[in-house]
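Here the structure is laid out as structure tokens; the discussion comes afterwards.
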Amino acid sequence: MHTYLFYNDYSEGAHPDVLKALITYNDGQENGYGEDMVTRKAVALLRERIGINEAKIAFVSGGTQANLVVLASLLQPYESVIAPVSGHIHVHEAGAIEATGHKIETVPSTDGKLTPTLIEKVVSDAMPIHTTKPRAVFISHATEVGTIYTKRELTALSDTCRKLGLYLYLDGARLGTALVASETDMTLQDIARLVDVFYIGGTKNGAALGEAIIICNPKLQENFDYHLKQRGALLAKGRIIAAQFLAMFNGTLYMDMARHANAMAQKLSTGISAMGYMFLTDSPTNQIFPILPNTLIDKIKDKYGFYVWCPVNGDTSCIRLVTSWATKEEAVDEFLATLKNL
Amino acid sequence: MHTYLFYNDYSEGAHPDVLKALITYNDGQENGYGEDMVTRKAVALLRERIGINEAKIAFVSGGTQANLVVLASLLQPYESVIAPVSGHIHVHEAGAIEATGHKIETVPSTDGKLTPTLIEKVVSDAMPIHTTKPRAVFISHATEVGTIYTKRELTALSDTCRKLGLYLYLDGARLGTALVASETDMTLQDIARLVDVFYIGGTKNGAALGEAIIICNPKLQENFDYHLKQRGALLAKGRIIAAQFLAMFNGTLYMDMARHANAMAQKLSTGISAMGYMFLTDSPTNQIFPILPNTLIDKIKDKYGFYVWCPVNGDTSCIRLVTSWATKEEAVDEFLATLKNL
Amino acid sequence: MHTYLFYNDYSEGAHPDVLKALITYNDGQENGYGEDMVTRKAVALLRERIGINEAKIAFVSGGTQANLVVLASLLQPYESVIAPVSGHIHVHEAGAIEATGHKIETVPSTDGKLTPTLIEKVVSDAMPIHTTKPRAVFISHATEVGTIYTKRELTALSDTCRKLGLYLYLDGARLGTALVASETDMTLQDIARLVDVFYIGGTKNGAALGEAIIICNPKLQENFDYHLKQRGALLAKGRIIAAQFLAMFNGTLYMDMARHANAMAQKLSTGISAMGYMFLTDSPTNQIFPILPNTLIDKIKDKYGFYVWCPVNGDTSCIRLVTSWATKEEAVDEFLATLKNL
Amino acid sequence: MHTYLFYNDYSEGAHPDVLKALITYNDGQENGYGEDMVTRKAVALLRERIGINEAKIAFVSGGTQANLVVLASLLQPYESVIAPVSGHIHVHEAGAIEATGHKIETVPSTDGKLTPTLIEKVVSDAMPIHTTKPRAVFISHATEVGTIYTKRELTALSDTCRKLGLYLYLDGARLGTALVASETDMTLQDIARLVDVFYIGGTKNGAALGEAIIICNPKLQENFDYHLKQRGALLAKGRIIAAQFLAMFNGTLYMDMARHANAMAQKLSTGISAMGYMFLTDSPTNQIFPILPNTLIDKIKDKYGFYVWCPVNGDTSCIRLVTSWATKEEAVDEFLATLKNL
């Protein structure tokens, strides 16, 4: 029986203030399917936060759903999306993108990030008619291995995409932790300006459920609601997710929750590093990937819940520790103490 | 500006007891993707209520999602689903079923219901290889026009489906109102016994969001979670919907809410009928379809929100009035008084 | 054992001149995938025949393939195609269109034809987001019940489609018989001018196999080859089908074959009519639909191969007789004599 | 202007004896859609050749079509096919497999072949619900880089697949050249016994068009014709492709044509090797991959048509030379002479 779980950032429920918003906005009659006043209010608030008044914003229930609806809306049948091999759409969505008919063209990447060079190679390797036609680029920020893009890097990707006629789509399941990472130089408004579409993740940062899809590029907005409806992503009671985003973005709650998650992960990281262990990636966010001796892993795995990410060599493996808005500092301290005393 | 909306049964938020359950079950760490204790508890409760211990139960966020995931799981690529022309999957889901690759073979029906004869005809008209192969039957209970099946009728459909090798799927978006309709002779357990798959609708009966998919037929259960994940229907925090179903089914809340909705609709129905108007269908549930003079409709349409369902002749049209768990009796009284005084 | 088959117009092989062309164009090295000189020559010839120099022309192996590739290229995921209930794509293609993700919105039609009114109703009944968005119109010429459009009728459909932003697609599986029907007033060039896409059927008019897809609307041409490749419709040796179209359109062979098919069907029609029988539709082409007593049908069905199309009343049924470029006049005479003598 | 093309093995038309068969079997009335006597005869002949009397055999027009119909018939929506990164379905079919909704799980392979170890790793790495469920294995024989499997290797793959519950599918676009390669120890009957499904390629070995899909595993046969029809792969006049396979397999024509192709490629290979050049792969079939200095490639590329396969280092590249049943020995001699004299 585990005393604490570092499996992921959706182990806990919702932040109390988020639940409170559900109650606040529960009364009264509203139109269905996103035409309600709570949704309109949340849309207005997010438009202000991202700095684009004409952005199309839709609230959906989860990340895989956001990814599949967005990509299905961006691509013609013969068009594909470029993603790093570690991309969530490639390895953790049970073929959701392919189920909408589209191929993911993958590129190797050790830090979970794409570069202009990697993208350009896929495009130049494409053979008209015989291969798919790359048309979108999928990145995540923070990535699946905790890393983040700098403003310079994202600008370079954005420039490359615009030059090559590719849509840039950013999966922001863990956008909060990227935005408040100590080493970041990018704001939410920078991101909105540089990509065509992105989503702000709620589920992994304190919401009960829900993600906000933001379509910045006006050419991609028109029929998006049809895609939502067709994929079963349009909720009858729009207020349910909109209310949560109001709670998270009216003040600083969204950033505060992410900041706490990062702080807990970095405390773990600093402590583990001080014991002399290495890490698979250099993560400033809420997922860290220490490399530990297998014998040590065996000793802690009954007490703490976490995933073994991959073997590193015969004797050591990389594990993944994930923290959240709700991670207790005592649990972190205890984990470090346990590790130290073994 | 409307004084009251009779547009649909998702105009209001969630019942307070449902929201309370979200708070009750919010604390603590849980496994993700439906492996949490709240989900297990809700599954156990619903299994008891439907009387099938081995039922596979999954909670999803909406009805179109439930329909598309279930049907995609039942059908091979060349197989189709039989549905009445009024079926929700045929007219109100933006081609969601077809987007999973499957044809809906429709049959005419004036009361929204299917019969063995209608089903047998589709099967006998099918020409191997040239048409699709019918493999599932879609019914809704209550139907899209408010009617319900009797136990005898559903038994006959069930027998026909089993004889012909068809899976019987019941869309229970408004199952509550059917189960408590004054003239019904069917229990939840009867339904579970007679169909292969059905869903218990939460969204249209007092939940914030959510439907419970029940796979009664053990042969159809094994890989269902893959389908959920692939269509973006598997929520990371399973407790969100499970908690609501616990609230609705622990006691009598689910049935109580439906009973109120029906009572309000029937009060409207009785009142309108007393004024001498006819109805499109004989509905004992929370959707009624009175036929009114167009001149009258014009006079009330600014005060009340409702849909004009269809023209009946040059001078009259059928309108749809929908009530819910939250419909206020004063609004009903006022509507009737308004109508009477015109 | 049947002495003659009137089942369909692909009971026989290819016209000898068509086979000869396969030999004529067999020698020499060519580029693959439609980039060969034979294909270029056939494309140039057809462009001249249809009167559009910039038409995109592609040769594919069959009619269902043509329909599914064309419609998949015209429609966004949430968009649908309007078709008559008798449309080949709706009843005879095993869900091929739905397998590409698209819904067919059907309209009733007793003569197999669409009208502006029928199309306008589908468009005006569509409810944004909840239903699909109609975007293409499917017609066949000749239709599945042998009827044909007049120039006035096709012009009206074309005008309606352009006004409503719909693509007009004409399935020309039996285009030859429509073009040479005694009562027609439309040329191949008229058709090319009035539709966005159509195909000229080879399989049902004397080719070994093959149809020529003609994309008249320049906006729809650009990436069509990707669609062909993706659906397995792009032949490695383009010359195989192109050679046949050269044989059929270099001179008058295509029209001559269709003229013979029509003459044989009309001879059957005149003879049967003279015996006092009625017909389901008024067909001037190579498919006729006489209504005969069931007792009579029973007596001839062992000698001749044909399909019973539908029951008409308890005592009579409609049968379908189909002729082709290869139908022998003696067989027609013998059929009529047999019928007369019963 | 090229004097000779070594681009591919479909640069030429059909073998004269194959065309002759089209004429031989052209006369007479037949049933449509593969129910004709020519198809029955060809099916019986191939069943005898492969040694499985109950095999389901279907003739389709091309390789991409064969691959997409077969894989769509083998897989449930959440299931995937394992293929080497060089697999035709992964790099040369414009996303045809994904367009049927399925993911290809790729594994690295330098010689174009899969091994039990590579397959086992994909299966053991799969995470239920989050990744796809591997269910089929795609191999080609000869592979896309000219290599072939030994009987021992294919037996090992077959055993692994049966152990892991995977269907083994062999793409035989160039099966002929593999079967007559000087170093092979496998017969057509061995292959039929070891795989679940394969196809015998006609297009790349002397047919005008056409491939014969062979479903050896009886469990996979039942509804295959629906899949064919739905994907537009069922030809109305079945005799067209069946006749060609009769011509190729009645005597030794199929093997003779492949033997010639191999002989020409091996003559090229021996000659180039004698000049001191290396090869990317060790190919005993009709595709060879010599590595030449870029300066040399530049000098011959205007005279001969061939593809530059990939850069090897800054100064050299790998080219692909493909021969066929129709390759002229003088052209081979001339190519070698040209190369030698540069």
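Here are some notes:
A, B, C and D label the chains in the order they appear, each numbered from 1.
Basically, contacts are C-beta pairs under 8 Å (C-beta built on N, C-alpha and C of every residue); 3 or more make two chains touch, one makes a residue touch a chain.
Since this is a predicted model, take the numbers as computed values, not measurements.
With contact taken as defined at the outset, chain B and chain D are each touched by A, C.
Across the two interfaces under comparison, C-D and B-C, the one joined by more C-beta contacts turns out to be C-D. Computed from the mean C-alpha positions, the centre of chain A lies at a distance of 50 Å from the centre of chain C. Centroid to centroid, with C-alpha atoms defining each point, chain B and chain C lie 41 Å apart.
Note on chain placement: the centre of chain C and the centre of chain D lie 34 Å apart, centres being C-alpha means.
Within chain C, the positions touching two or more other chains are listed as 77-78, 93-95, 99-101, 129-130, 132, 226, 229-230, 234. The part of chain C that touches chain D in the complex is made up of residues 4-5, 7-8, 10-14, 16, 19, 22-23, 25-32, 61-69, 93-96, 99-100, 203-204, 208-209, 226, 229-237, 239-240, 305.
Taken in their complex, chain A has these residues touching chain D: 77-78, 80, 91-95, 98-104, 127, 129-132. Of all residues in chain D, those touching chain B in their complex are 33, 72-73, 76-78, 100-101, 128-130, 132-133, 223, 225-227, 229-230, 234.
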